[in-house]
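Note that subunit A is present in both complexes that follow, paired respectively with subunit B and with subunit C.
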Partner chain A sequence: MFAWLNQIVQVSWMNLKNIPQRLGTSLVIVVGIAGVVGVLTAILSMGAGFRATLGKAGYEDRAIVMRNGATSELSSGLSREQADVISGAPGIRRDATGKPIVAAELLVIADLPKASTGTLANAAVRGVRPGAFLLRPEVKIAQGRLFTFGTREVIVGKQAATQFDGLKLGSRIAFRDSDWTVVGIFEAGGSVNESELWADAEVVQSAYRRNGFQSVSVALENASALTTFKDALTTDPRLQVKVSTMKQYFATQSEMISKLINVLGYTVGLIMAIGAVFGALNTMYAAISTRSREIATLRAIGFGAMPVVISVLLEALLLALIGGAIGAVLAYLLFNGYTAATLGSNFSQVAFDFRVTPALMGQGMMLALAIGLIGGFLPAWHAARLPVATALRAE
Partner chain B sequence: MNTATLVSIRNLVKTYQRGSEKIEVLHGIDLDIPKGDFVCLMGPSGSGKTTLLNLIGGLDSPTGGQIEFDGDRIDQMGSGKLTDWRAHHIGFVFQTYNLLPMLTAQKNVELPLLLTKLSASQRRQNASIALQLVGLQDRAKHKPSELSGGQQQRVAIARAIVSDPRLLVCDEPTGDLDRKSADEILSLLTQLNQEHGKSIIMVTHDPKAAEYAKRIVRLDKGTLVRDPA
Partner chain C sequence: MKYFSLIWASLFRKKARTILTLLSIVVAFMLFGLLQAVNQAFNGGADAADADRMITNSKYSIIDMLPISYQAQIAAVPGVKAVAFASWFGGSYQDKPARFGVFPVVPDEYLGIAPELQVSKETHAAWNATRTGAVVGESLAKQMNWKVGDKVPLVADIWPQKDGSLTWTFDIVGTFHNTKDQANGDSALLFRYDYFDEARQYGKGSIGWFLVKVDDRLRAESVGKAIDAQFGNSAHATKTQTEQAFAQGFAKQFGDIALIVSAILGSVFFTILVLTGNTMSQALRERIPELGILKTLGFSNRAVWWLVLLESLLLAMLGAALGLLLATAAIGAMKDALSGFGITRIGWSVIAEGLVFAFLLGVLVGLAPALKAMRLKIVDALNA
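Coming up: the complex of A and B.
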């Protein structure tokens, strides 16, 4: 066993020392695999970023109530009376004055020009009441001030401020036949709320000629209070509602986009990986072809076929690993933190940062190794089966 | 098999398949090589001498007949066992030296010792002795590209003898060398045969090289023409 391992080490070491003489062909594997891993990691980092952005608002001790059958806030609708009933349900945390922390909100769409293209895109406008800020203490005014309730003033999430044109502090924007003044820019802990515009719920209702709300979000006493809260609402004959934690809600919201991105990523990655496998096959066959006499000499001297197979495989794996590492690092350097926006489930723009996570980089490296293994196996097998007597005389 | 016989070949047949055609290269060869012999295999191109040499050296397997090496039937060995057998019993010298270009002379000579349990320092020591024997101890750190053809062949001979094999299998060892270098190599082989008891079988086209051998075996169209032993 020791002799066998020693053979593998020695033959592999000779192979690796020989790489500089075959730098050009070896680079085919490295560059090819770097491309595959880089592209796959970059695409999947979109999904990771999108999930993370929606996940940041995904608290377990907050619940959202919508009309039964609604898949998102936009397709939901609750009357003022229903909102009042919900506010009185058990399990809701109370503020210092003993009032339940509840945010009855409506979500509407405004057409605003995108900063990147100038074309109109859907911006989410959330009509909120004071409870919204108690519910979401992570919301902080970064610039300017909070809008004055009862006026046509808005505060703008910091992602929305960069995604859309004309949302600078002090700007006046027009939607729903009226002018609105941007009086503040807010942060919300990197959550999806940063892609929204917030204004007084009553003013938004008036502008959009609505009377009710679309959702009621509440702070729960604790995560386990959900059952009490949910049971109270679902058994109340005045209500036809569905209750979920914010975590469940945003997980569902991110699922479709995430799936789409993953399908895209894996499809593109697979196609590129097939190309990279052929590149690796070509390179390793070339490496073996130029070294067939050396391999035959080693075999004649008494080196076994298996150490030769393993040494060729190790070379392919090492080159793949280098390529994978380069691809993953490049994806990290170029895309990690890059901000993009897509249509969320509320048909409004959701801005998110690409997240090149260690898990994604690890996944990319695994793919690189798989390409190296597949691309190296056939040439390695071929090397081991070279007729020694013939290969000894190869030029 | 006579105890003085190192290699005993009986009714050896080798056939190659080329497409649907079968080509018989050796037609029932009988040959004995005594221990300590220096045999030269000669014959025109295509006569089957290299095929016979490869079969004796265990680089190929016969289609029929038997090859016995010091009592062991190597024609019955599988590929893996034959590889081990070669490592223990055969030293190869090739026409084009077949040294590994990225290794120094010393490291090339050490190669067969990597298959043994010798320590690194023992390997170094044995390789130095082998290089000394071929007169190249001062070239130990040189790579093949820094050596002349004759020097490279001497390194190849040092590699062939370093693990102390019983038989040296030499395929046109002077085919790529000038006369002077060829004579030096042949003298070295004679020295190994006479002073160190190495049995040698050598294929050559060169009648002058053949004069160094103790006897000449001629092949023509896959048949032994004359075996003076």
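Coming up: the complex of A and C.
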């Protein structure tokens, strides 16, 4: 047993030592696999970032009420009366003064110039009442101050401030028939709210000539109060609404884009992996054919077939591992934290940061090893079965 | 072409290596095809846009509606030939947000202004005769397996009916063919505006956007300005732009993702090409003694140059053709998952572009070895 292990170590060490002589072909494996892992990780990190941004607002002890059939806040609509009925439902947590924590809100769109393209893009404008801040304690003014209720002042989410032109502190936005002033920049714990503009609900209603709201969000007493709250609303004949936790709501909102990114990422990753397997096969066959005499000599002086197989596999795996690591690290360095924006399901710009997570990098390394294993196995098998006598005579 | 079999034979001198190299090229071009299809979908619409058609919508945002009374006023602006309108219905089909456009329109007006939507005379007549009638794009009908006479229920998200019910049922009266279907131009369901306006709970008399056909496309801009000037001081100010500008502006809203995807895939495509080129030129180098023999037999320097170059060209073009073919098949297979994003097929321009890249690859990879082969001295080559 020890002798066998010793053989493996000897042959493998010899192989690895002369990789530098075969640098060109070995690079094919390394670069090919680095490409696969890098691209797969980068694409999936985009999906992970988008999900994370929407997921950050996905609290289980907050519920959002929208009209039945609505697929997002934008397509929903609730009247003032309905909003009042919802505020009176059981299961809602109360603030220090004993009032239920309820946020009846508008979500509308404003056309503003996007900084990266200079063309108009849809910015989400949320009309809020004081309850919005009680509901979302994570919302903090980072610069400036809160808008004064009843005036044409807005506060701008951190991401919206960089994604759009002219949303700096103190800027005036010519917006519908008058000027609005940016009086503050807010943070919201990295959630999707940071891509929005917030203003007083009543002022937004008058600017958009609307009476009602899009959604009513509430803080629940606890996660299990959802059923009480939901049952009260769905059995109320005055309402035709659907109730979901913020977690459910945002999971549905990110589903479509996540799905596209995942389909794209895994399809591209798979195709590239297949390409990399061909590259690895080519390299390892070339490695063996240049060394067929050497292998035959080893066999002739008593080395077993298995150590030869294992040494070839080890070489392929080592090259794959190096390639995979390079790809994963490159993806991390180039893309982690990169901010992008796209149209979310409220038909407005959502900014998010790419997230190259350890899980994604690990997944990439596993793929690299799989490619190395597949690409190394056939050539290794081939090497072990080289007829010793013929191979020794080879030029 | 008499040397084809010679080129073919030398190409497959080392079968395993050539096949593996070929497959790498196939993969690279398959990726290229897929990437370009995605790219085209994101920048799509612009190709399908009609140059003498403009879109008038609210100046403020896409969610603001316009009064239908504007139609007559726009039609009276000098230079305007015809005006039609449509609105966004949205809705869900089978519990999922509809992945196709659903628009209430006035059949005669809309089909008149959009001649690229072709319906048969019978369908047109049936649509005019059926208040709840709807026409759907050919490929959408196929995908959903809808037949003439089917009742299709859509659940409204924005537009409940007067009685509070959410389900709108449409009778499919026929299909239309979109002659300009560049991306997903026929993935739509059109139904009648009179049915929509009569049954909707609120917003009566308001519509989403006007399609304006102008007499002279060169004067489109000034006509657009005249339209907007007319409503500038009203409660519903408008913004008029060509269909192309509208489509491009919309595509830019997705912008970042399209840019990132193409940047990533573009770099990978070139990595694979460089690696493949490395392998191919190495394979050619190994054959130097054989080239010496060819020259001994009387092949001219120029002939050897051609043989080597054509071999690499053949490999590259063959790989590219197979790869693009595979990409087309892959898009077809994933149609359901992707069509919602406008990715339905690979255009001819992408195929042509791919073949040009393949040609360049073949030349680049083959050039150095071919030159070397041409300049070989027979004695040295045979000695190698």
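Keep this in mind: the second predicted complex is superposed on the first by the 391 of 395 C-alpha atoms of A that agree within 3 Å, B and C clash if a C-alpha of one lies under 4 Å from a C-alpha of the other, contacts with A are read in each partner's own complex, and residues count from 1 in each chain.
We take it that contacts are C-beta pairs under 8 Å (C-beta built on N, C-alpha and C of every residue); 3 or more make two chains touch, one makes a residue touch a chain.
From a predicted model like this one, the values you see are computed outputs, not experimental measurements.
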Contacts of A:Thr117 with subunit B and subunit C, given as first, second, both or neither: second
Which of subunit B and subunit C A:Gly170 touches, first, second, both or neither: neither
Subunit B versus subunit C as contact partner of A:Gly279, first or second or both or neither: second
Residue contacts on subunit A - larger count, subunit B or subunit C: C
Touched partner set for A:Gly98, first subunit B, second subunit C, both or neither: neither
Partner chain in contact with A:Gly35 - subunit B first, subunit C second, else both or neither: second
In the complex with subunit A, residue positions of subunit C that touch it: 16-17, 20-21, 23-24, 27-28, 30-31, 34-35, 38, 59-64, 90-92, 97, 155-158, 160, 164, 166, 235, 248-249, 252-257, 260-261, 264-265, 268, 271-272, 274-275, 278-279, 282, 330, 334, 337-338, 340-341
Residues of subunit B defined as touching subunit A within the complex: 50, 54, 57, 59-60, 79-80, 83-84, 86-88, 92, 94, 96, 98, 100-103, 111-112, 114-117, 159
Complex contact set, residues of subunit A against subunit B: 2-3, 6-7, 10, 14, 17-18, 21, 293-294, 296-305, 387-389, 392-393
Residues on subunit A engaged by subunit C in the complex (per definition of touch): 24-25, 27-28, 31-32, 35, 38-39, 42-43, 46, 67-72, 74-77, 108-111, 114, 116-117, 119-122, 176, 208-209, 240, 256, 259-260, 263-264, 267-268, 271-272, 274-275, 278-279, 281-282, 285-286, 340-343, 345, 347, 349
